[in-house]
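What follows are several structures.
Across the two complexes that follow, chain A remains constant while its partner is chain B and subsequently chain C.
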Partner chain A sequence: MGTIMHAIFQPGFFASTPVHAALLTGAVVAVVSGAVGVFTVLRSQSFAGHSLADLGTLGGSGAYLLGLGPLWGFVAAGVTVGGAMDLFGSERRKSRDVSTGIVLGAVLGISALLLYFDTTQSSTTGATVTILFGSLFAVSGYTVPATIAFAVLGLALLTILYRPLLLSSVNSDLAAARGIRVRLLGLVFMMVMGVTVALGSLIVGTILSPALLIGPAATALRLTRRPVAAMALAGGMGLAATWLGILLAYDSYRWPPSGDGWPVSFFVIALIFVGYLASGLRTRRTTHAAQTAERMPHELIEVA
Partner chain B sequence: MLALDAVSIRLGGRQILDQVTFALAPGEFTGLIGSNGAGKTTLLRIVMGLRNPDAGTVRVGGKPLARRGRQIGYVPQKIQIEPDAPLRARDLVALGLDGEKLGPRLPSRARRERVEKMLAAVDATRFADERVGTLSGGEQQRVLIAHALISRPKLLLMDEPLANLDIRSGQEIVEQVSRVAKEQGVAVLLSAHDINPLLPVMDKVVYLAEGRAACGSTDQVVRSDVLTNLYRHPVSVLRVDGRILVVAGSTVVTDNGPGSAPVTAGAVGA
Partner chain C sequence: MIDTWITASVVAVIAALVGFFVVLRGAAFTAHAVPNAAFAGAAGASLIGVSSLLGLGVFSLGGALGIGLLSRRGRHDAVTALIVALMLGLGALFLSWSTEYAPEIYSLLFGEVLGISANEVGLTVILALVCLAILAIIYRPLMLSSTLPDVAEARGISPLRVELLFLALVALATTTAVPVVGALLMFSLMIGPPAAARVLTKHPAPAMTLAVVLALATVWIAIAASYQTNWPIGFFVGTIASAWYLLARAWAALVRR
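And now, the complex of A and B:
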């Protein structure tokens, strides 16, 4: 038993400072991502979440070039772009897909240029990997309290706005009829989503950040019908995937091919994906059971 | 209860409402009848305070409409909600009680019982724990009606509740609303393009055409001369088996009874 535990929790895992920082920041970011993700799915804004992450690449790579931590770039890009997308988005629904696509393409083009400068000009290599795929073990210093502060702010806003946000997500007229300021609420939510995606980028990078936002939420929606339970479940599953991912990444320093360890983001996203697939098996079985139960009376009648 | 005085609005260069004037008494069931694009939804949005008219006044309960508050319940035509959205019918009804409030909600037995009673009143108890997105159109309507009525408004506005329902569910909804509204003493303003499903329950009709409105009992308003004047075009009103057909006529006709008018074109409103 001792050896198994030893094999799972490698020596030094609980003593390592980077691991502490990773567990802490990973936990708060996973919880806020799960809760915000439920509303993202409920409001059908997954595409906006993806766009915010793509644009975070620009912020992250720009911040690197200025010698700032990527967190500030991610957050600045997330809040600005989230707000801008909401302000312009609802004006012209028809042309939104095309214009979003064009803007995203242009932004990623600029990001490619900045990432190129990052790698050629700075002596510290790995800017590209850090921004695109995250590097949780490198989170340190002021970034830890800053991340926690942003996550707590996001969760607090979500708690305060919970009921009006839920109602306006169902139908904006229904909310407006009760005097809720729907436009302002939508703007605030987009900004909260911008911050959340930014924090997710720190953990798993800009490319995979939307998966941390949407994955646990989508899994939770398959398992519960209650809004608060869905948020708690999504946060909990994100947390489990992140912590387990950190553990596996730490263990992977002893794995082939190179002994450098596998990236945390791979494990986190793989676990989220496996969780999503597993929840599908569960829902299929329950629907099948329900269908069988429905058929029962008819069969009994036929027999009678 | 509700009084509109000379309400006018222009949208996109078109006069949608032109000096619309009518009043509803408490507890009255009123049908807001007009064809597509007649301005029914615009009128409801003005009453709710979601849109300001260019001219005229709207009074609810004798007071001018400032920040509407809890006096008006609203049932939209259709809500777009995914089948997997984590929102049960009872959650949506509970939001009718306190959906605009900030902060977390503490569990309350009194609130739970009120939600339960409201669900029972619209015959929605059996699907109270289902997700709203998986319910049929008629079931969603019942939940929305419960959502609108649970805060005990004085006025209930319904935007084309029959548009997405089959005939039978539509009839059931109309009777349900009429019954619950009578019990609670709520005035109902329900918009529809067909007057017939409302005939058994309607106290009054507001007929919209060409931006103008005629208001009164069915017999006062739905007549060939009144509608001809309203449409600014010859219109005949035919009554068949207790139902009403409004059809365009080639000449100005008087209401001499069924079948007396020359009918040349298709139905206008009915």
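And now, the complex of A and C:
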């Protein structure tokens, strides 16, 4: 029994400080991402969510250049660009898609320049890789309280806005008829998403952050039609994937080929992806009904 | 220098033509996803020591078809986001195994236009011609199903088949372009000029021509500016391609008034 435990939890796993910090901040990010992600998926804004993570790169590389803390760079970029994307776009899905793409293209270009300055001015060339991929194990002590503060802020905003946001996500015409300011609400939501994703980019890396936002939420919405249950389920699944990923990554220091360990983000994303595929098996029988249900949460009837 | 100029021009033409359909179909996210998948493929190919072009091709095609098939059930945009994440996760894994230096990763993402050999010119031109040929063959059904999906379906054009063919085309265009201009630039070129052209005219032929002209202008200005300043070409392509769209929107707003 002891040997099995040792094989799963390598010696030192529970004593390692980086692991503690990673488990804690990873959990915070996973829970907030799950909650925000349900709305992201309901509103079909996955592209915006993904882009915001890429744009976090801009903030990260800019802050690196100015010598500021990356947290502020990430958060500032998330809020600004999230707002810009929403103001640019319109209600039509296709034009929203294109306007998100335009903003993303411009910002990636600017990021390229900032990263170039980072790599030429400092002698370390690792900045590109660190900013683009991030690592849970690189979380420094001071970011932990700040992360929790931003996460609580995001969840609080989501709680306050819950009802009007849900109604406008599912049926914006109905929401507008009821006197909800749909555009303003959309803008605020984009900013909340911007902060969430930016935070995620900083803590878990630019590639893992949108995966945590969208993967668990899309899976949860396939399993339940209730938004609150979906948010809880998404948070839980994100948390499970993150912790399991951290455990596997810690174990992987003993795996081939190099002994440097495999990246955490790979494990977490793979787990999320497998979860999504598995949830599809369950809904296969009721494909069409499930697809319509995905768009129409149960609670809508109560709200309306 | 002349090699750079030729290759970048060829890539711009392909990007503008394929990008026209990307904008028409509202598939910008897919156009962003496929080059990212290609990036993972290049990282994997360098790991096992095969030609990076093979890795690019296999991964961009795999990613594109994965998006097409999985989104039959479930939300298109959520599926795309998951596939991108998976591909980038694989890319991170391959990079952690390999001993590539950071500058090489950087050039795969942001392009290395100023270091193109004569060898690569020929390959790019051949792939571009294949791309053009496929586009010419599927032009009519693709156009019909992008603009009037119901009519297309009534005429017996399968939406899934068109979607998969279109995704394969995006994958091929990406394979052509990524070694030259990088994963991120390919996306900018596919979105900016065609979106600007679509704002200015709704007719397909003038819009496609205008998109090609704008894309060519983008890369030419970018090459010249990058040569002068020594700044990365990705910066110039990304910002100029988006600037066209802003200018087109401003122009359209002025005319409407």
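We adopt the following convention: the second predicted complex is superposed on the first by the 263 of 304 C-alpha atoms of A that agree within 3 Å, B and C clash if a C-alpha of one lies under 4 Å from a C-alpha of the other, contacts with A are read in each partner's own complex, and residues count from 1 in each chain.
The working rule: a residue touches a chain if its C-beta (ideal position, glycine included) is under 8 Å from a C-beta of that chain, and two chains touch if they have at least 3 such contacts.
Just so it is clear, the model here is predicted, and its values are computed rather than measured.
*Asks:* After lining up the shared chain so the two structures overlap, which partner does A:276 touch, if you call chain B first and chain C second: first, second, both or neither?
*Replies:* It touches chain C, and chain B stays clear.
*Asks:* Using the touch criterion from the header, give the chain among chain B and chain C with more contacted residues in chain A.
*Replies:* C
*Asks:* After the superposition on A, what does A:173 contact: first (chain B), second (chain C), both or neither?
*Replies:* Only chain B; A:173 stays clear of chain C.
*Asks:* Scan A:230 for contacts with chain B and chain C and give back first, second, both or neither.
*Replies:* first
*Asks:* Which of the two partners, first being chain B and second being chain C, lies in contact with A:222: first, second, both, or neither?
*Replies:* After superposition on chain A, A:222 lies in contact with both partners, chain B and chain C.
*Asks:* Thinking of the overlay built on chain A, is A:162 touched by chain B (first), by chain C (second), by both, or by neither?
*Replies:* In the superposed model, A:162 contacts chain B only, not chain C.
*Asks:* On the A-aligned overlay, A:44 touches which partner chain: chain B = first, chain C = second, or both, or neither?
*Replies:* Once the two structures are laid over each other on A, A:44 reaches both partners.
*Asks:* Residues of chain A that sit at the chain B interface in one complex and at the chain C interface in the other, please.
*Replies:* Common to the two interfaces on chain A: residues 41, 44, 222.
*Asks:* Using the touch definition from the top, list the residues of chain A that touch chain C in their complex.
*Replies:* Within the complex, chain A touches chain C at residues 41, 44-47, 49-51, 93-95, 97-98, 100-110, 112-113, 115-116, 119, 125-126, 128-129, 132-133, 205, 207-208, 210-211, 213-215, 217-218, 222, 257-258, 260-263, 265-266, 268-270, 272-273, 276, 280, 283-284, 287, 291, 294.
*Asks:* Would you mind writing out the residues of chain C in touch with chain A in their complex?
*Replies:* Of all residues in chain C, those touching chain A are 23, 25-29, 31-32, 73-75, 77-82, 84-86, 88-93, 95-97, 101-103, 105-106, 109-110, 184, 187-188, 191-192, 195, 231-232, 234-239, 241-243, 245-246.
*Asks:* Note which residues of chain B are touching chain A in the complex, please.
*Replies:* These residues of chain B touch chain A: 48, 50, 67-70, 72-74, 76, 79-82, 84-88, 91-92, 95, 98-105, 129-132, 144, 147.
*Asks:* Taking the touch rule as given, give the residues of chain A at its contact with chain B in the complex, in rising order.
*Replies:* Against chain B, the touching part of chain A is residues 38, 41-42, 44, 159-164, 166-167, 170-171, 173-180, 220-222, 224-227, 229-230.
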